[in-house]
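Input: structures, listed below.
You will see chain A twice below: alongside chain B first, and alongside chain C after that.
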Partner chain A sequence: MMDAETQEIFRQEAEALMEALQEGLLVLKDTPDDLEVVAGVFRALHTIKGTGAMFGFSRLASFVHNFEAAFEAVRSGKAVVTPELVNVALTAYDLIAELLEGGDPDPAKDAELTAALNAATTGEAAPATAAAPAAKKDAAPAKIESWDLQFRLPQDFMEIGGNPIAMLDELREVGGDSVSVRLLTDRLPPIAQMDPRALYAGFQVTLPGTIKEGAIRDVFMFHEDQMELNLTAVHAAEAAAPAPAEAPKAAAPAAPAAPAAEPKAETAAKANKAASAAVAQLRVAADRVDLIMDRVGELVIAEARLAAIAAQLQNEALLGVVEDIQRLALGLRDSTMALRMTPLSSIMGRFRRLSHDLAETTGKTFDFIVEGEETELDKTVVEKLTDPLVHMIRNSVDHGLETPEQRAEAGKPERGLVKLSARHAGAEVIIEIIDDGRGMNEAAIRKRAIERGLMTEDSDIPRSEVLKMVLEPGFSTAEQVTALSGRGVGADVVKQAIESLNGSIDITSEPGFGTTFCLRLPLTLAIIEGLLIGVANDRYALPLLAVEQILELPEKLAKGDSATDVIELNNELVPVLRLRQVFNRTGTPAAHPKIVIVGANDTRVGLVVDEIIGTNQTVIKQLSPLHSRLKIFSGATILGDGCVALILDVIHLVTLGQEIEQRLKGNAA
Partner chain B sequence: MSKEILIVDDSPSVRRMVSMTLQQAGYSVTEAVDGAKGLEAAKAHRYAMVITDQNMPNMTGLEFIQAYRSDPSSSGVPIIFLSTESEGGLKEAARAAGALGWMVKPFETEQLLAVVKKVAG
Partner chain C sequence: MTKNKGYADLIPRLNSVVAFEMGGELMALPTDVLREVLELPNLTPVPCAGPFSAGLINIRGVVLPVADLRPLFRMPVKENDRETRILIIETTVHEKSLTVGVIAEAVHAIAEIDPETLRPVPAVGTRWPQGTLHAMARWNDQFVAIPDVVQIFETHIAQEPQLVSVD
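For the complex of A and B:
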């Protein structure tokens, strides 16, 4: 019987293989004669079949066997990839996915799809260009990000005239300037036993970029048989974890080379006979990383407490140690956070599939372009982002893009464009979903918003805000339900999901030219740099990244007693919130209050506080569901002295400031 | 100074093809018609690279490599071994005797140049 761990390893492997399979099929849709991709699809199928049979999925194995046969025909040049084949294969993919998840679809499906696969590869008369796919293309499979290469040459290599330096130079020629080389000196004998003519060193080389495996292997012409050579393709999704050199204890100490390592090598597609791929890559269950992150959070808190005690005792030696621990804890925090970073490409396969399906069902033709899929985000953010992105892409195609006929009429190219782009901007990631469709109809949205009571006829709401109303719950303009938009999340869920990630969403739209949804998301959710402030003997934390300036409270504002005021900053009026009043605190304010200017969504608000305490590593703890209605706080953190400080929600404060400003303007008018 | 390469082969056409190709690429080439002449030349001068055929009268390429490698002065001089497909197993034997690489006959001039460039620089 399979134990849970083995099962989990199989599940993870299957997931990766399925991802590769789907990715490959979608690439083949556009470049049907890319033999390398065909080979990749074949390999993925082959491995799914093999491990599936081993893990008791016999129905799956026998179905995949037939699936594989179809691609064997393509691989050997007996058949070619046609759009029909890709479509049937994608449906077959869905069946495998269902079987893997333990579903029990109608057994007739197996036979039906097998027949369809056969028909798509053998049934049709061989096309005139049957011999076409002979020429090997130079394109590497789409997903390879870099190659990890470890090699050790025979000891007599230099003796017989070989030159390892020349080899490294050749590798640099293949991989460009950013090739990095590390010397492996672990097999160096004691100096007394050293043969001065022998080569003991090994080399660890990383070659970034999509290089063809053959080009790398060519460097080792003649020697592959006599040397140790481990070449592993690092795929986009895997590059996330900066691969710890040693396998942690978690990786089944009893059988280190066994299941954990093998599937890895297989997933790395370019097979690597010596299965030491685990050295470079390690697949770890996500909750283990979360556990580390939790503990690092606790460590940071404990460290702060230690620092507080040391500062009190004024013990030089202790302070020195505290400094060391502080540095280590910070380093640990950073590397743990890096572990959590996942590139967006890990969910891109789904979107490519979605765009394929959307094209099929809507009859709209469009290019789906992804930019910056290497952009990394916190794992939680990436996971929570999937559904909103699915919705927005679907929305762009369903409602944004016109039909080819409509586009032709409007004088636009018949082929539409949907672009998903991601990039880093400071501590945020900006994700945009752009379409070149008909754009949003502001008048229709206004009308609908008034109907729904979201605004009144005479509301003076700027266009950008009006457009955002499509994200309100229950808002929908004449939504035609298509086969695809029938299921899944609504637009309001998009807004909720993004806000729960402390992100924000903006919509810009130009009638006739298209719509852009712009998401801004924080890089991470676990630990942030905070600014501790004091308000009436209590301490609160603000995300430091949101803090723009800290000023002395101007004399005339200090005297005022209204709940809000404005301060002029670079010719711009910024509303001011007195936190004492916001929190209903009585008593005498500090003699020299300060204003902290914070910003979100290009809008700012000034917060009057009694005291600036300093920066702090803020380990974010969620508030209990009981307190979740308190929008002004986004969480809580534990300070060095064990006290709790609430974390202020900057986005909420900014909205609060704007509301008060609006109200004041209303009064004035 | 152009790099000097020694070609040991009893077939004049092969020697000529190798010489022409390499000279055009800027190498200087010394020809030896059999193993014995090859050894003489190799011991008298240190070449950037030695290419030897297997099928030769008197001394096979394998024997030539063994004899040359028994001379300490050969240390660090790369040897490329020429054989035909049918001579299976020889590749390994040549490697064991101290050849750095091999080429299978027949080969194109481009292949030859690629190997020489790789080995001799």
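For the complex of A and C:
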């Protein structure tokens, strides 16, 4: 036997293979004809077998050998994928997982499963499916080959000080070397009518598909309203097989190989790209990435200090170098952040499996749909999300969905729907778990909450808050609240996990039509763009993405000195917090205070501050346990001059604002 | 040695203590929980954090909280001056490691305390809240208080309610 450390290496390697294996099996359940997926499953098994034997997992290797044999039969056309085969294979998968974990399951199982696999594949020989696999889209998330971007800026763009070249540079920075730009000159007027200062040209830019839509749109963030912008994703003609070198000849003879007529260079580039997607993966211990992130944080801080000193000295040469370092530091920051970003798809296999198992155990038929699994999140966020999502999906199926009979009775399609969707929204990621089941019973929840002492008979709590009660610890236990469909079993785990990620959770539910759990999570826990503000003599940071507007404080409000007030903004009343008063700071306020409008969860609050200092790179440091109960601050950061500044928690401020509004409404009534 | 009963854990730690001053009183802290002594850096106050929070400091890129124990000991709070130091303490509180600064009005020396001079804290007539001191002792012919930092942080500082109200 090998030592524990080598075995650990094998386990880590096998983890990715196992994920691919399970994913492949689940895809085969829906598209049993997809030979490419069969080949993928076969390869994963083959590699697990090979490395398993090498690392001394002999029982595992011999079992996988038989497992592999079953798929060899499918691959060579001697057998077809049947639902039974997938089911047996999934059970076999579990056995492998158990063996990998170091467990010691009953050896009889090996033989039993081997026999079952055999039976499932030798039952009847069927002709190999010769047709080209159709639904390959399911095998891998539709891969975006490239982005085709066309944009035209307003004609007076340069006159008002804009610089299209800078935009193109920025696009190049986003997209790397492979960005190509073509000038669109079709709107050029005859030379006699040409205004020398106007911008007539448009631009057509091709960017690599690896970059995210948001990154491209960000370049035009301040102009999108006034310009024409067309961004279309060009999808790959073929879904890239996990290992293209081997796939075509081994598995899918009918799969479109790169046409020979294609220009040589392009073919090579394509092959390269596909190869890099499959091969150039580096598994790095997570704490090393954390370490790099810390160092980069330090660098960004040191850089800010350097910039502050250089600005004082006003030395041209020094300023030049500082600018270079600034650019490098920011680049390094972005690449390091990218290192930490993990697509949600990395944990989706688990949920597909879960839904498969749930369908088996509950006898409910439903489609499990995943949208936006390419959405990337900080790896810590992704890791901590797994458990809560498992909980919520299980709840949606267990308690949200009705049985096929009940659905038929209610006039709904018998097949239910559970959808997991993820998308970016500003500095947040929104994840929704949607079911089209029976919905939540508000009255029952109210009753239960009163029983549990979470609210009183006469409390006037809005519906949205009542629904959230199911997330309270000890709200319900499984057997007691059948009427309520038992939601809330362990749901406090969900709440806890989401809160520990600085996220929030909302529930909407329509009786008879289903329930939606909406999670909002910060994109990253490491570095944000901050707006630095001054209150009394201290500086504080606000996440810039939450800042909607900065205004001079209106005369009328300047006189007040209570901590709270309201301001009318675009015909809407926005609650206002005077930070000086909230922080109990005495002394004379600034002569020209400003009001910063910040927003979260679709609501806004105005913050009265003494001054706006500017934007900065805010490296978020967690507050120590001594201060972590102060909800108004989400963390601290180190400024260019080495001082510490606190980061204001926008979500909390908005909640405070809402409380003010409620109270004012109460007073008015 | 009967009078030193109950100090078995403390006595070996008295070989090396840092002697410092707070509210005019002399105090001694075993150096096994002391990481370093800093001159007063820029201190960022934390609004709404209660009287025991002196603020936050940046030590080589790490943000640390600084506690002010004087309100706890019912001592007058003297303005920070050239003598003010921050003792950086590393200890375990509620089974989690905690690094925290503590304001000292002056730091005198690293010293050794004679275990023979240990005395229990009088139960009445002292300003020290229950459980905040290990014992009293004598050093350089003066009384010196030996604070129990773990107790202080576990039962007093970490419990401080820190809610912000907008009223």
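Definition applied: the second predicted complex is superposed on the first by the 464 of 669 C-alpha atoms of A that agree within 3 Å, B and C clash if a C-alpha of one lies under 4 Å from a C-alpha of the other, contacts with A are read in each partner's own complex, and residues count from 1 in each chain.
The rule we apply is simple: a residue touches a chain if its C-beta (ideal position, glycine included) is under 8 Å from a C-beta of that chain, and two chains touch if they have at least 3 such contacts.
None of the values given here were measured: they were computed from a predicted structure.
Shared-chain residue A:E170: touches chain B; no touch with chain C. Of the two partner chains, chain C is the only one that A:P625 touches; chain B does not reach it.
In the superposition on chain A, contact of A:M221 is made with chain B only, not with chain C. Once the two structures are superposed, chain B and chain C can be ranked by residues of chain A touched, with C on top.
Contacts of A:A317 after superposition: neither chain B nor chain C is touched. Contacts of A:A192 after superposition: neither chain B nor chain C is touched. Chain A makes touch with chain B in their complex at residues 156, 158-163, 166, 170, 197, 221-223, 225-226. Listed in rising order, the residues of chain C touching chain A in the complex are 42, 44-49, 53, 55-58, 61-65, 67, 93-94, 96, 98-100, 153, 157-158, 161-164, 166-167. Of all the residues in chain A, the ones that touch chain C in their complex are 297-298, 301, 538, 563-564, 577, 582-585, 621, 623-627, 629-633, 636-638, 642-646, 656, 659-660.
Within the complex, the chain B residues that touch chain A are 49, 69, 75-79, 95, 98-102, 115, 118-119, 121.
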